[in-house]
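Lettered A, B, C, D, E and F in written order, each chain numbered from 1.
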Amino acid sequence: MYNNFLDLEPDQNGLIPVYVWPVPYQATVSFGDGTKDGPEAILKASYQIEPYDAEIGVDISTLCSFRTLPFQRSNAAGPEYFYQEMQAFLSDYHPDRDFFLTLGGEHSVSFPVVDFYAAHFPDLAIIQIDAHADLRHSYEGSPYSHACVMARIKDLGLKTVHIGIRSFSRLEHDFIMKNSDHVLPLYAWDLPSPEQAAGRVRDFIGPRPVYISFDADGLDPSIMPGTGTPEPGGLSYSWVNDFWKALWPGSRLVGMDFCELVPQPGNLVSESTAVKCILKILATYFSRREQA
Amino acid sequence: MYNNFLDLEPDQNGLIPVYVWPVPYQATVSFGDGTKDGPEAILKASYQIEPYDAEIGVDISTLCSFRTLPFQRSNAAGPEYFYQEMQAFLSDYHPDRDFFLTLGGEHSVSFPVVDFYAAHFPDLAIIQIDAHADLRHSYEGSPYSHACVMARIKDLGLKTVHIGIRSFSRLEHDFIMKNSDHVLPLYAWDLPSPEQAAGRVRDFIGPRPVYISFDADGLDPSIMPGTGTPEPGGLSYSWVNDFWKALWPGSRLVGMDFCELVPQPGNLVSESTAVKCILKILATYFSRREQA
Amino acid sequence: MYNNFLDLEPDQNGLIPVYVWPVPYQATVSFGDGTKDGPEAILKASYQIEPYDAEIGVDISTLCSFRTLPFQRSNAAGPEYFYQEMQAFLSDYHPDRDFFLTLGGEHSVSFPVVDFYAAHFPDLAIIQIDAHADLRHSYEGSPYSHACVMARIKDLGLKTVHIGIRSFSRLEHDFIMKNSDHVLPLYAWDLPSPEQAAGRVRDFIGPRPVYISFDADGLDPSIMPGTGTPEPGGLSYSWVNDFWKALWPGSRLVGMDFCELVPQPGNLVSESTAVKCILKILATYFSRREQA
Amino acid sequence: MYNNFLDLEPDQNGLIPVYVWPVPYQATVSFGDGTKDGPEAILKASYQIEPYDAEIGVDISTLCSFRTLPFQRSNAAGPEYFYQEMQAFLSDYHPDRDFFLTLGGEHSVSFPVVDFYAAHFPDLAIIQIDAHADLRHSYEGSPYSHACVMARIKDLGLKTVHIGIRSFSRLEHDFIMKNSDHVLPLYAWDLPSPEQAAGRVRDFIGPRPVYISFDADGLDPSIMPGTGTPEPGGLSYSWVNDFWKALWPGSRLVGMDFCELVPQPGNLVSESTAVKCILKILATYFSRREQA
Amino acid sequence: MYNNFLDLEPDQNGLIPVYVWPVPYQATVSFGDGTKDGPEAILKASYQIEPYDAEIGVDISTLCSFRTLPFQRSNAAGPEYFYQEMQAFLSDYHPDRDFFLTLGGEHSVSFPVVDFYAAHFPDLAIIQIDAHADLRHSYEGSPYSHACVMARIKDLGLKTVHIGIRSFSRLEHDFIMKNSDHVLPLYAWDLPSPEQAAGRVRDFIGPRPVYISFDADGLDPSIMPGTGTPEPGGLSYSWVNDFWKALWPGSRLVGMDFCELVPQPGNLVSESTAVKCILKILATYFSRREQA
Amino acid sequence: MYNNFLDLEPDQNGLIPVYVWPVPYQATVSFGDGTKDGPEAILKASYQIEPYDAEIGVDISTLCSFRTLPFQRSNAAGPEYFYQEMQAFLSDYHPDRDFFLTLGGEHSVSFPVVDFYAAHFPDLAIIQIDAHADLRHSYEGSPYSHACVMARIKDLGLKTVHIGIRSFSRLEHDFIMKNSDHVLPLYAWDLPSPEQAAGRVRDFIGPRPVYISFDADGLDPSIMPGTGTPEPGGLSYSWVNDFWKALWPGSRLVGMDFCELVPQPGNLVSESTAVKCILKILATYFSRREQA
């Protein structure tokens, strides 16, 4: 029923193709589960969102053609098996040509996609929006838990930027402190202005291609209540929007994901905010890229 | 059960009469419906709200007498028929004497009430609080959709102020740009201070009588989560309160509505905020009017 | 996401084609609304339902090929406009060839479909499963309300059978009593055995082609809680199943609908029961037809 | 908004007056609370219920005039204080003339009403529909808990019939066994036919006037899911209806209550069933009384 | 908070010890998930359930001492790892001495427990109450899915009885038909009386020790709405109760589980029914065993 | 199941003992009830909260040992009886040695705890975080209502600070104005900076020992939606955190409570924010105290 992101016709000639890949994966069922329902909620909400961004004067429907892929079905045998299936699916695509907008599901679905891009772009830099560092070695018995996704990504040897983090263990904190050459934290309680932040990120990543991994709980729960582990004191909607406006151009964005959204009964704020945040990234990036 | 707004006795002698008219109309059932439940939720919430406003030292129960009218029942034959019934109901009242506080229901219920006032006050100015411009010619096959209410009001030839708007089509944007003599937009992403905004609105409307049409989604979803199409980046509670404090006196307020509230299961924030926003308008306006 | 009824591939060669038409129409928003969410819930639930019916040894996936049509979008201008759009859509199909399984939405969506079949089969007989007679001339100001759908169908001059009815006005009762030549009521409080009921229905309709209009609330709320106006004392699941088993063969079924399902938060009983009831009709009818 | 039971005009001349008294009292907040929302849900549901009972050919709106009283507000000081307020309210009425249909709230609200009638009718007999015996001396520190209401009523020295009971302590069981001269249990697991039950009840109470105390959980949870302590194995809808049909005439019914309904989110079965059960009692009793 | 099943003190001397083991495992997150919340809901509901069973005159609190174990935490690495952890936990207990009442969680948690007992009782017979046969070889990529649990149990070479099954594939049906020497199906649509059923089961299992695996969806959804895949046409509450009453004595019950309960928002019917069904098994079995 | 606050082992040697006392008391059931579910929600949420506070570099698990007490069960006989039971429970503890973190329940549970401390510390000062002044003499017939708790506390002759208040009656306002020597209000609409506020509070209370009574609704509903009477315009998360950081050291904190949280279906923001707010108080206070 909600098969076309933004209710737009797919495969418009002459536009930048964007693959919208719903991955309703939720392996680890804990406290506030429901991330499996995130992709459907985001797609549904997108039908009510205006493709025209009046603030920056960009109509995403005249820039990008969204092709919404079938939902990636879960494999019940465990996370390794599921990642293999995601990787098998991606093997039909090319990281240099194909822009994926992956919709989780839990944050661990980022790993196979990052792996897909990193195999082609060994100098890939990751910008993580998140309340948590996700740098644990293992969690609840699995190295593939959502709480470990950035640790797995670090295993690939990539530079990572962590924006909005405010909840992590002392061990994760120590890891961040000791690895300042390839880990840039922007703590939520001590956030620079969006423009300053964009400057620090550009200095840190240089000309590397960028992948954005957006965990819903990076945002403040006042505008993103639908997360499994809400952490107050998060990023405001205007901060993240102004950050993207300040970040481009100069970097190449190869793909992105939006994860960990847990739809709430009768409350559409979370998914509406998610779509708007996604569109702001795409509209600011692709409009500048086209101009460049 | 909740038949007296604010749990106050109606028909208090010597006070300003205010007709509270619940119009639980919801013709167009889409995405996040439930506006039909708005009036009941607002009335119910009002029973918990203190009539005394300590900030400005005004007790609304000593200023106004609220007479809550019976719920206006829907007509299933379509919007034209329903509007006719609303107009028939209003024909027993007088626009110069009778202050209506209409509680929607979807935003389209504003039109018959505005029409009622505009017939008597041809120079009426409308202040719309809203995330959307509602200036489409037609939506989902109907010119009476909630997404068209301001277009219908423009058909009456009235000056309109649109505060907090942040989601509209390129066509609506063009319309706004081309009609700056009778359309004043205050975009949410570039909002002046409440005092500056009040100044600009006063300059724009001059001595015209004012009608306020308050769509719940003009407010930020963090304090007004209960709307059908939540749009982050909206007006804060303090901004709107300070705006009304700065607007009066000098203008005559003839009526107002509060629309598009969608109550949420187990979450009372939306309706409580709605009542407080309504009371702030009434308390600031009527206390100044009495002083004048 | 849930675009293929029963999660079956559409367009299987050699099988009986069945058009699944989701019509999430809900014009009249009252008490327990939510019928607009019925089609999506039914489709979603169908993904968990086994196509094999072990009781009668029939696998529907080897008999029928289900082609799920796009959701029919609402027209906000009122019921007449919406019916015209439904009729326009149907004009591309042929009543003699094309079997429609329409998923409401409110019961009033049955009328355009019945009209479509009746234009070709002037002797069409309607079997209505319902708690209500739906024989009012007008309701809430509209002759197209869900409470009037059988009255509209009677306007077409068709014979009608009303099974499970138990809530109606004295006027409707009088109408039923006076028109026993073309109205057969099987009251819920005095229900014959399924086999006797099938016999009485066969006697009443003779060789006429049949259209089934199944209102969810015909079933007892214990197994169909998700309706807008639940009426205890309804049909049991086994009764309706045994009725269909006893009814065929001998009659031609040209189309059917299932309406008025209101999904409930966190309770999947209603939609699961709906799918099972639909499958039982199709499996019993088409397996017998193939044998014939 | 829902101030007139069944959406009927009150105070119809020449009809039997019935006082509908909503008492949303819930002193003891435990497991599945929400009985305070029962009266509003019942009133709201009544607006969708047909006053005409086709099975017995009686239209309650031509027999009774329902006057819905204001909601009895709670007193937070504790149960004794609240009962005193209920008694004070009732002191303006007369037990011989005024028929009260009390809508709870928790079951303990029955006591002041029974006391009101018993003061005038010292030989009053109580017919309790319930899953529990409610014969504990004290519960959770209070002799006024809903689990003690029948014990309090027994303190008044009245004969009591307990229909559908299936959950009680060994002590309560012993009490029932030892007091068979003034306690008649009809256990749910060993229920006679409605006709036999009516016979046994008539034999037991003789010509005594009757008060019915209907606890929602007496019914089977399949048709009455909305209770705080659902007990499977309860009374069916048809059983209770057939019981009342068999009980009258011969007894005088002086008043009744319906208690312990806990409305559920998005599920209207409970309140709809409640209204139908209430109407069946009134329709069967008053139509026979008029005939007599 | 709800740490003692039935709110009874654990470790009562002289009573039969019963280990209540909450296993909130939900590996495979699909359609109507929420089985992870089952154990907590069952424990919580048990606090409202009377330990005295008046129908059979047995107070379970005078027979058994319930020791509620800590919740078994999930392992996110996949089902094999989790089963190993369950098996490791059980290795501290003895299958001949220790009676486990395992509370799922999804049905797949039965396998490690059955394995624990089968290792000691190689002639163990399984009585499965279920809507589904759960005899698939693999489901959603895993042989450990809840849809495969009986297939895994069959791998252990045990006799199995399947009561209430009504939804399964043709392949599962064929398997049942071909293995009638060690598979006894009692189909829901053709159910014998409880007494006849007990006779057939006794004939089939002979003197074998028995393990009961109770999947919530074996019951009819009218009294067990809280399941992930509700199937109408299921077992009634009275049928299962009467079945256990007729089954014992003569068999030894070594352990049991209750699985697949999905609590529903605001509806306590499912967990209340679950507790009552569990108690009826324990009360009928242990009271007879004590007498024997 | 959630018996150890923060999922930490209790009774760690050498750490500061903190008694976590869940008091799910809700005597007065009104509008948005559900405070009885607050303690369980807070405990459950605490299992997902990181004990390490990276902002201030403090791990609470290395400072405090939390012993979570059994839930205090309600007494249904009324508030006086319940308070007596709370006082009886506290009589086994010593106000000078034992730090209680009481989790309400409604705000009235603060009174017995404050009374417990005030008996030992006659110069105790109370810091109330709240939207309401709670200074009414009586409410809904009871002097023990949650709306009167500060009036009862004032009866003990204690100095009180009221932070974030924004909703109260004219009488309460007058009381505050007339008693400025022992009542310090910090109104939400005119809030000083956290540092200025801390200075004013220190000046006001001097060296008095402090008890904190934290009503959830003191916070802005955008981050604390789960309250019975949400009042927009409240304290931000960063304001309260910065206030505590600025307040200590210099004062002795003897105990605290967190009350009036009403968990919402599917929304974990409220309880997560509650735990974080509690931890910030404890981490800032105890880390400074240890350093001192």
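Definition applied: a contact is a pair of C-beta atoms (placed from the backbone, for glycine too) under 8 Å apart; a residue touches a chain by one contact, two chains touch by 3 or more.
Not measured: the values here are computed from a predicted model.
Visitor: Please give the intersection of the contact partners of chain A with those of chain C.
Guide: B, E
Visitor: Interface overlap for chain A and chain F, more than half of numbers shared or less than half: same or different?
Guide: Chain A vs chain F: different; shared/all numbers falls short of half.
Visitor: Overlay chain C and chain F by their C-alpha atoms and let me know the rotation angle in degrees, rounded to the nearest 5.
Guide: When the C-alpha atoms are superposed, chain C turns by 180 degrees onto chain F.
Visitor: What whole-Å value do you get for the distance between chain B and chain E if each is reduced to the mean of its CA atoms?
Guide: Inter-chain centre distance comes to 57 Å.
Visitor: What whole-number Å value describes the gap between the mean CA coordinates of chain B and chain F?
Guide: Centre-to-centre distance between chain B and chain F: 37 Å.
Visitor: In whole angstrom, how far does the Cα centroid of chain B sit from the Cα centroid of chain C?
Guide: 42
Visitor: What parts of chain B, by residue number, touch at least two of the other chains?
Guide: 30, 220, 222, 225, 265, 267
Visitor: Report the residues of chain E in contact with chain C in the complex, numbered from low to high.
Guide: Contact set of chain E toward chain C: 30-32, 34, 166-170, 173, 187, 189-190, 220-222, 225-233, 262, 264-265, 267.
Visitor: Residue numbers of chain E touching chain D in their complex, please.
Guide: 44-45, 47-50, 52, 54-55, 59, 220, 222-223, 225, 237-238, 241, 265-269, 272-273, 276
Visitor: Provide the residue numbers of chain A that touch chain E in the complex, in ascending order.
Guide: My answer: residues 26-30, 33, 36, 73-81, 85, 139-145, 265.
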